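One chain, chain A, appears in both complexes that follow, with chain B as partner in the first and chain C in the second.
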Partner chain A sequence: MLKYCVKRALSMLLTLFLIATATFFLMRAIPGGPFTRERTLPPEVEKVLMEKYNLDAPLMVQYKDYIVDLFHGDLGPSFQKVGVRVNDMISAGFPISAKVGGIASLMIILVGIPLGILAALRKNTLPDYVVSILATVGITVPSFVIGAFIMYVFGELLGWIPAGGLDNWKGYIGPVLAIGGFSLAFVIRLMRSSMLEVTGQDYIRTARANGLPGYKIVFKHAMKNALIPVVTYIGPMVASILTGSFVVEKIFAIPGMGKYFVESITNRDYTVIMGTTLFFAALYVVMVFLVDIAYALIDPRIKLND
Partner chain B sequence: MSENEKLLEVKNLRTSFFTHVGEVKAVRDVSFHLDKGEILGIVGESGSGKSVTCMSVMRLLQDPGRIIGGEILYEGEDLVKKSEKEMRRIRGEKISMVFQDPMTAMNPVFTVGNQMIEVIRQHRNVNKKEAHDIAVKMLGLVGIPSPEERMKNYPHEFSGGMRQRAMIAMALSCGPDLLIADEPTTALDVTIQAQVLDLMKDLQQKTGTAIILITHDLGVIAETCRRVLVMYGGMLLESGTVEEIFHHPGNPYTLGLLRSVPNPEKSRDRLEPIPGSPPDLIRPPEGCPFCYRCKYAMNKCVKEIPPLFDLSETHQSRCWLLHPDAPATDAFEKEGK
Partner chain C sequence: MRKIALLLAMVMLVSVFAACGTTTSSSTPAGDSSSSTPAVSGDDLANTLVYNLGADPKTIDPGLNSAVDGSHIINNTFEGLYRDRGNGAPEPAMAESVDISEDETVYTFHLRDAKWSDGKPVTAADFVFAWRRAVDPATASEYGYILAPIKNATAINNGEMAAEELGAVAVDEKTLEVTLENPTGYFLDLTGFATLMPLREDVVGSDVEGTWAKDPAKTVSNGPFVVSEYVMNDRLVLTKNPEYWNAENVKLEKIIAKMIAEESTALTAFRTGELDLIDHVPAEEIPQMVASGECEIYPRIGTSFYVLNTQTPALSDIRVRKALNLAVDRTALTEQITRAGETPAMGFVPYGFPDADGKDFRETAGNYYLSATADVEQAKALLAEAGYPDGEGLPELEILYNTTEVNKSIAEALQSMWEQIGVKAKLTNQEWAVFQNTRLNLQYNGISCHGWSGDYLDPQTFLDMFISGNVQSGNGYANPEYDAQMEIGMAASGKTRFDAFYAAEKILMEDAYVVPLYFNVTPMMCNENFTGWYFSPTEKFWFGDAEITR
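Let's turn to the complex of A and B:
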């Protein structure tokens, strides 16, 4: 187990290194730069700026310098926000995004899985239809529509939730539903179909033939098998939900880190692009690793040492 | 135990599947009985209704299957009228079942021991330790070496034969009076088949559990059973003792089955398959289900379902050729062509 974890840790580092390299060169291939404006800067000013941020060095030298800094845990300064370091931007924004995302993830797991099971067990009856329709709506309606709808109906018309910000618990309702809506719907559908497949298996028939009560068949024998595909989806989903969403944070005025993913690219804020991408990638590979561990815990046929 | 006490009596059982394309009449008016401690074989082609009959007895039919008529008397009580809760107490405790494919019949994510203990504790008032000991004893009884360690294994760590043994151990762990084995050896290779059959016979003698053995393999029936039911198209075509069925078959279908089994003494003869395929059970033939494949079929066979004619006290057959007014026939001379 320890050997496996060390091996995985090394491969995760290699993955991140490759992502860093690819992102670095791809982002530099985009035309424009951090100081390209509609009104061009005087050449002297631009020259000073380029020197200050080490942008005048050859690309390979810049790459080497960035990787060296990265290994020291330094993501560099933002080009747009003078005097602000990327590390600080992430450590300020991530906890806020993660709190909203964490609540959304919990909601997805605690609501999505039971509803999926319910729909499967009550297949082709009213509860199934209701859940399936809600799930279809959740998948087809984009987050900005859900967000705007919640904001208008519950914020503007009914006044139940604040118009923005996270000052009290009510402030979380809108962003959590907007950011988690799609995944919640997806998990419901996934759990439903997975459960339906599992309940048709021979071992469920065996359990019934052995006189086991329904709740044991559903929550012990069927659920453990049905969870495998859901866990596969939930791992990466958590990584992406925890890092926030540009759209949702804009609608609900949340100072999270989701906006950096989009803004940094339009601004060609190279260090922020690198920082947010690598942060997300790191979270992602860790979640995939956790999913693999979860597989081995759920299904004994999956061995980690291979 | 008295010899001829009836354990199970099925009367006029009818089971259908209500599908989109219509009512599939899978079991049509089947009656039979089973004595205590007896091994009864049910033989027939795929789709003859043998498995559905047994799933009906267990009340394990999945939607859209339903029992639409008849009685299933188990020790005098009608299982058709039992509630799901009452059935749960019967399943596994009084009647248990072993299925065809041991590779998929056990839950892959729990240990064999866990699954056995769960069943034992469901039906018997014992603690975990006692249930564990019973499970170990049962695994030992079905011939699994070092059962104590094997309890901790997952099903995929067992071979096919061992899994089927474990399934039998699990099925017998609560001391049922009836074991329904639905093609228990079909998925196993021949040497393992013989071992599992011997095991079942052996356990039947030791524990006195009655067994219903469903199979399409006449060889298995000849080796194991005392009495046989021959099913076709959802109906019972013939029933009798193994000697009666194998040596004096009273039905052209049974004869066809016997002729399609290779005989090592006459290996040069061609096997004689039964032409055609089983009837469509959504619109079954008005008359005898076998009439369109039967070379002795008469006009009456197409029009009217034949009743069961008594050939002896234990031997019945559903065939119009047995009617007193039927024309003389060589149909039942076994060697006749």
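Let's turn to the complex of A and C:
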């Protein structure tokens, strides 16, 4: 187990390094730069800025410098938010996004999985239809529509939730539903179909024939196997939900980190592009790792030795 | 065993979320909004303005700022020598009076007894420090060039001279002597510009990143308000500066500037009473809200236009360029596309610049050969005369724009207007920064979107971008006659200056490398209980005379 973890950790680091390298050179290949302005800067000013941020050095030197800093845990200064370090931007923005995302993830797991099971067990009855319709709506309607709809109906017309901000618990309702809506619907459908598949298998029939009580069949024998695909989906999903969404955070005026993923690219804020990408990538590979461990715990047939 | 394994899996998943939860509640005072007070609730909002700044300004250090949102804050936290308070002309602010030499090149400002927010006096040296810092290339101020009228400023900004050579000297603690390169009619107005605000050397020091300005513990300012709280991407809070020289007449106690980027969310917040003032309104809502009186339109000095590339061979014939200009139905653009109260532009310099006789520059200069609607017949005739009857033989052109909804609609409308006279053009849209790069390097085949907003109330703020070699033009425009007129105008004041500027704009328009479309406006929604505020044509809010009743 320990050997496995060390091996995985090394491969995760290698993955991150490759991502860092690819991102670094890809972002530098797009035209424009961090000092591209509506009004072109005087050449002397631009020169000073390029020197200040080490952008006048050859690209390979910049790459080397960046990687060295990265190994020291320093993500560099932002070009757009003058005087602010990327580390500080992430440590201020991530907890806010993660709180919204964490609540959304919990909602997805605690609501999605039971509803999926319910729909599977009551296949082709009213509860199944209701759940399936809701799930289809969740999958087909994009988050910005859900967000704007919630904001308009519950914020503006009814005045139940505040118009943006997270100043009290009501402020979380809109963003959590908007950011988690799709995944909730997806998990319900996944859980339902997976559960249907499992309950049709021979060993479940055998269990029934042996007269085991229904709840035991469902929770002990069927659900565990049916969870495998759901866990596979939930791992990476958590990484992406925790790091926030540009659209949802914009609609609900949440000062999280979701905006950096998009704005940094528009602004050619190189260090922020790198920082947010690597942060997300790190979270992602960790979640994939956790999913692999979860497999072994759920299904004893899966071994972690290799 | 299996039960335990399953339990473990669950515990692990849950602990991941729990871990996230705890980080949120225990760390980052800057980010955790649960620790801050609700934006709007009840009694504690007496004399408090809550308005939408729209974004977290890149900086609110006056010397470094180059953005509109930053200048909204700076205009209320700092004060220059003179200030435009909306009474028609700049009024003495930090300066009590000024003596202007006969040749209008030496301004001697006598400062009033004003204090900084920490109680220390505002001195002439504070201005000298701030101005030298702004023009010093080591500071890399993006707006350092705005000080160009001051002697040696441009040379210093280009790294050819030391900052100490700047034509601004502190004669004594309360006397500031400024020497200009040339008479500059708009100089008093310019002293209210953010870059010319005084700064405290002991506060700013060698900080060229401006971090001191947003930090309530460090910032010291001399305007009616001072920064008292900053939450990244969420809000800036200003409180009344009791040391301000005119503090007894400042009625607002507090300004909460929210950073809501989404216009429709800001509109919802306005309608539910959480915001008192918004200046970004969803474009699709403007026409009906203007009609209902909910939204008001404020003029500002800004022009939307297209430029024709001087490097495109097909456009070297002036008749083709004039035909393109004539084929544009500007009224259709403002009435069917932008619909926020914009004015069709038949010239380049917008309304709002009074000339030496006090007459409006735009009204006096007139419409040249253009009218508010298209003249398809004349356009076709010119095109035929140029050897391209109905556009035959004219190579296909390109309409370049950066990707936004409005730009796209405008470009499509222009494409069909030009199609009517037989000119074929394909649309090319590029992401903002790529577009800037393409236009700057003249790498487009024919026609590009452009726009400009003025910095000060003089036509020079518009016209100097077309002086030969100025890269801001985006089309490589170079005409010695134009340069000659601009040189005369920029070195003179009064009638000579404006006559030269009139002549320059005429040359520019008759050359037809510019296709003006419309003059911009700012839609604004304001709580009726909030009064006395002023929004200048150069897009700056002034809250020092404002009042709110709840």
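Everything below uses one rule, namely that the second predicted complex is superposed on the first by the 306 of 306 C-alpha atoms of A that agree within 3 Å, B and C clash if a C-alpha of one lies under 4 Å from a C-alpha of the other, contacts with A are read in each partner's own complex, and residues count from 1 in each chain.
Assume a residue touches a chain if its C-beta (ideal position, glycine included) is under 8 Å from a C-beta of that chain, and two chains touch if they have at least 3 such contacts.
Keep in mind it's a predicted model, so treat the numbers as computed, not measured.
In the superposition on chain A, A:202 makes contact with chain B only, not with chain C.
By the touch criterion stated above, A:212 is placed in contact with chain B alone, chain C being left untouched.
In the superposition on chain A, A:301 makes contact with chain B only, not with chain C.
Of the two partner chains placed around the shared chain by superposition, neither chain B nor chain C is touched by A:192. A simple residue count on chain A separates chain B from chain C, and the partner touching more is C. Of the two partner chains placed by the overlay, only chain B lies in contact with A:225; chain C stays clear of it.
Note: residues 224, 298, 300 of chain A belong to the chain B contact set and to the chain C contact set alike, using the contact criterion stated above. Those residues of chain C whose C-beta lies close enough to touch chain A in the complex are 2, 5-6, 8-9, 12-13, 16-17, 20-21, 23-24, 27-28, 30-34, 36-39, 56, 58-59, 64, 66, 137-142, 144-145, 157-159, 207, 209-211, 231-234, 258-262, 264-266, 268-269, 271-272, 274, 431-434, 436-438, 440, 451, 471-472.
Chain B makes touch with chain A in their complex at residues 58, 60, 87-93, 96-97, 99, 101, 104-111, 118-119, 122-123, 154, 156, 167, 170-171. Put simply, chain A touches chain B in their complex at residues 201-203, 205-213, 216, 220-221, 224-225, 298-301. Those residues of chain A lying in contact with chain C across their complex are 30-33, 36-42, 44-45, 47-49, 52, 80-84, 89, 91-96, 98-99, 101-102, 105-106, 109, 148, 151-152, 155-156, 159, 162-168, 224, 231, 234, 238, 242, 250-253, 255, 259, 266-268, 287, 290, 293-294, 296-298, 300.
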